[in-house]
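Each of the next two complexes has subunit A plus one other chain: subunit B in the first, subunit C in the second.
And then the complex of A and B:
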């Protein structure tokens, strides 16, 4: 029987977001109509028409959505229901949408859908509902009614090519600081900056230098012990994250992906290894690159799960002591449903941990952390709503009974910590990197051994 | 200045034992080699939190708490960013600049000297040949140092508080040339180019959240676009830029459409005399080169990373990746290298010799006119061509020994 968490309340539909309100104030009915119709006419085609014409409101997508389940199966939270209240309204009204309706549309598109694509797996026709929600966000972007905090993040991307306003000297200084500290572990450890012709460029997301520099330390220790020929760029392009992809600012999204790949080609690396982030992988592997016209990544790119799996199975990293407490695993949407890394993740867990309990549902059927798709980046105004909308996720985690939750994604990490705190669950969230760092034999790999 | 004729093109081989350094120091960092191949250098660890610069086995007199970004200039000087007592400076051939900074990075060297980005008390600017900009700013990005010694960057002129999207949208960024503001303020500015004399700059701008254009000094083009990439000046001082309209990319010159055809993407604009070339995508995921709006025959499916003309403009070279491998196309002819890593080639003065280096299966090889030299090395540094185009200067690491070799081209081809 399904256990229900103790905290509960309804989604607040009256949240005031300064960015949205200021944007709405500047709009005229003519501008709203013009922008909606321009996007629908110029930026859509057979794909959208097919989706609109095919959806028969069978509601099979509803039970796939954790928002729907978290809100007592209220129909307005079903994926098809969300499309009906947003894109369908725009189409039905031929762009003549009121500001009050637009306010609701922003809330639904930005904060009540994680564009996690779980619903598409349950749609008998495979309709990509996330595509339609992202199209709504594209219209919101062009109307300049994107929520404040995620817009600020995109502004940071555009100005600095990283999502957290990290200045160029701060980035390098942080790497040098972590390098110095990590010499406590290995006296000759380096974080090689701009090493031309290294095999691997390691890229991270901006919260690491900003708030979680210890993760760079850990990663440097892992690279060093595994004797990897690696580098990190000292120049913009080091941040693989991309919130513009989620606000519909495709031009900035493409520019971010361009900077990332140009950093890799400038350094002549064979491969990019990305840290533990899911949305960043989606950006680099699937979205930003494709806006640029790169059907597949122009430089090979792998997520940290694939990299760690290689290090452990090749013997470059040896595990000294497996983690003893029972762990469970959260499969991030963008690398599980999006890339199929869930089996490799379980093999990693098996190599690292003594006791594992599955979260149900899992693998490509796992629920989103609730933070994904830019939801957490919409910031403080929307946090309580996000928590309410994550009730199903909280229940899913609680049912495992585990004390440690592995989440190989930054967004998931932050979102899950919020959920655990809000629903008073005593559980610790860890990255795979945390587990490897603590369990590894800290001697340097020598080839041939 | 590169003075290739004065380099030693006669001594067939010189050696420096690099593996000895490994025993002398705690560790050595990446080896850097001067263009003439006579000097090799590395940052070396000489003690706890102490670093030296080792050149041909000899240490500079001064040691540093930190050192990075070691590189040789075209005039064979050795430059590093160094720090002692939490102050940063540029050190050239062992002599540190008197100017000190709270941080220094983005080192740029050319025939006119050395420039870098600097931070002092949380304010940002550039320093060129030891002289810092008079005015510093809230932030800096996209720095440029031209061959006349002029410096330019995108600077944040006004401070901004957290999540002040309105002020951001109104424009807080400008272009600074030699420390003096040279543009209006815009929402965003990227990709500054100088003209040939350094008297003008062009750049890409975002006027608001959705409208892009091209700026030239304090003016901007009348047309707005969905996106724009880096503009480039022609020899006639016109500005050319790839711009996006209606979901397609066009080439514009001085605010007017230049090429008849549009493309799915336009990157790596190259200009030489009257010739203009761009890496194009004309069908999704397929890349080629268009020269003067005429497409090359070849297609690749990954990326064209570099596109450039020889000095005379007669030779156009594209460095590209197809499937898993890197390759080069010269004037529409593919070499067929299948390299794992590949560097931008050099072209001889008479344009008959084109040489570069590549990595294949963990070994580095010399490439001349598309022929891969059969001897693989631990590392090859940038090869050079003699001014009479008869010899190659090959610089390699081989079993821990640095070797400077002169190879007659008639034995290679």
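And then the complex of A and C:
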């Protein structure tokens, strides 16, 4: 392909995003000023003030950011540098920000920061830059200048309670189709819909039924073989993803998470097991609950890594043949820095694979895949920029020399595939589910054995 | 007011006034900060965990434990040295202690004058390093404002003037007055400027440490 022979090495600041342009056209200076000041005054408090008053502008956070590293240490990409160009600009000008500046601000806040919180671990105070960038996105949302593609996913959430405009019958059809296929392997296999009082509710992100139905097949087989009392909701609330959380549309974001918890409570399940996705986990475990006024999620929530770890250590799933090729592991931000699951992930790798190479930096310190925080959802106009901004990530992966890259997150998965392709790296990206499905003994677990 | 009474004033009442403003201002601002948190984002209190706050603060106080400090050992060494000496030198300087003894009859152990002199030079060199870094390192330069230089200069003035006064290099009296006044200005400014970072640092660390440790089960260093 063309793009691999002539690679861009600089971020294009002139990318045109139709959604942003259309929004900007509708704005007047008065409206801009009003909205910015409203959000700053009514929606922020002590935290923002402390962060702004305390930042010593030492730039120790710079080295944390893969955007900064990928762009030859250009200061515009340092975390504090990005806050300077966005939030500080709005505060300094007391909301009187020009449209050209706003265009710049949207680009930085939406496509040049993954809100991955890595920089919080490098700032000696622990200042939360990601919070400030999300605040900027909140303002962009209220100004209606959110990038087109990610706004479309939010619209879908608002209209259908799932990210991909999946209709209710389409969802049920897909599950039944996967069930039917799987019954050729296991005659009694079911994907139980709306089973009241099941032990767990299994939830996925909408791209699974839309594009990757095979993943639902795999998990059905895993659940079946492990003899789990499980269910999936047939009604809205089944999708655990949440793009509104990343566009600052907190009203929709809250509704999405609420629908998800409500699905679980309606079905009287003991806990929610979430598929291999990171941002969705952040939404259900850490964000949606806060919007609804719960300190912690109202329903027990675990990520697929914890679930698989349980299945393998309890003997519910037995591994027949370990995976032979050398693997490396990408720690998704939202479940390592976001949930500390990196050690369990390594134990899983150990149970599943013969040969493992660490990627460095790793665990809490891993770099974001570059797709996270809604960056990949900003869509095709921003893709080349995303590749340029991910050079450091590509180098990090290349250094491992592994053949297979495990990424237990959908966003990471797609993002990493893009980078590997762009930087001509011959590596396959896999989920833990893929590995377990291939390596497991496909007999049905009988308790008490 | 003649020279003598002026000197008496800045070395007497003004010292007390400075300390009172420093202490009252600090308490006031801290109190206001907690009221502000309570009024605007009181959920923060429900996430604060004593254990994880302490864990984070201690981790960040341990030299070269945080990955951040291992990536920039040179910078952190200087910053640690600077911050420690900032307290050690003025508190354990013999001539300061003598003053306290004279007025309040308090005294405590001191460092000898030669060491104090060397430590003072080190502090001044550290501030020179901070200034240079702001001019030379591009990501630091990019976010630097004029006030950052003023800030460093205010922090270094008591040391520079103290050094000059000790060596009686020139215009001893004027330098001495400048020394006392710059020390008092710094003390007075602490509650009202970014010098206040010394008190906010543990608060932000506690919150970040609690979010990372208690909610997300992760380390934050």
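As a convention for this text, the second predicted complex is superposed on the first by the 441 of 449 C-alpha atoms of A that agree within 3 Å, B and C clash if a C-alpha of one lies under 4 Å from a C-alpha of the other, contacts with A are read in each partner's own complex, and residues count from 1 in each chain.
The definition used in the following text is that a contact is a pair of C-beta atoms (placed from the backbone, for glycine too) under 8 Å apart; a residue touches a chain by one contact, two chains touch by 3 or more.
Because the structure is predicted, anything quoted here is derived from the model rather than measured.
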Which of subunit B and subunit C A:50 touches, first, second, both or neither: second
First, second, both or neither for A:172, with subunit B first and subunit C second: first
Touched partner set for A:194, first subunit B, second subunit C, both or neither: first
Contacts of A:383 with subunit B and subunit C, given as first, second, both or neither: neither
Which superposed partner A:442 touches (first subunit B, second subunit C, both, neither): neither
First (subunit B), second (subunit C), both or neither touched by A:236: first
Which superposed partner A:60 touches (first subunit B, second subunit C, both, neither): second
Contacts of A:22 with subunit B and subunit C, given as first, second, both or neither: first
First (subunit B), second (subunit C), both or neither touched by A:271: neither
Common ground on subunit A, meaning residues reached by subunit C in one complex and by subunit B in the other: 295-296
Contacting residues of subunit A [partner subunit B, same complex]: 19, 22, 42-43, 141-142, 144, 148-149, 151-152, 155, 158-161, 167-169, 172-173, 176, 180, 187-188, 190, 192-197, 234-236, 249, 251, 254-255, 261-262, 265, 268-270, 292-296, 298-299, 379
Touching residues on subunit C, where the partner in the complex is subunit A: 33, 36-37, 39-41, 43-44, 46-47, 56, 60, 66-68, 71-72, 75, 137-145, 148, 194, 196-197, 200-201, 203-205, 207-209, 212, 215-221
Touching residues on subunit A, where the partner in the complex is subunit C: 44-47, 49-51, 53-54, 56-60, 62-64, 68, 73, 75-76, 78, 80-81, 84, 120-128, 286, 290, 295-296, 336-341, 361, 364-365
Subunit A-touching residues of subunit B, taken from the complex the two chains share: 26-27, 29-30, 45, 49, 66, 68-69, 103, 105-106, 117, 119, 124, 139-141, 156, 162-166, 168-169, 173, 187-188, 190, 206, 208-210, 212, 226-227, 244, 246-247, 264-265, 281, 284-285, 287, 301-303, 305, 321, 340-343, 359, 379
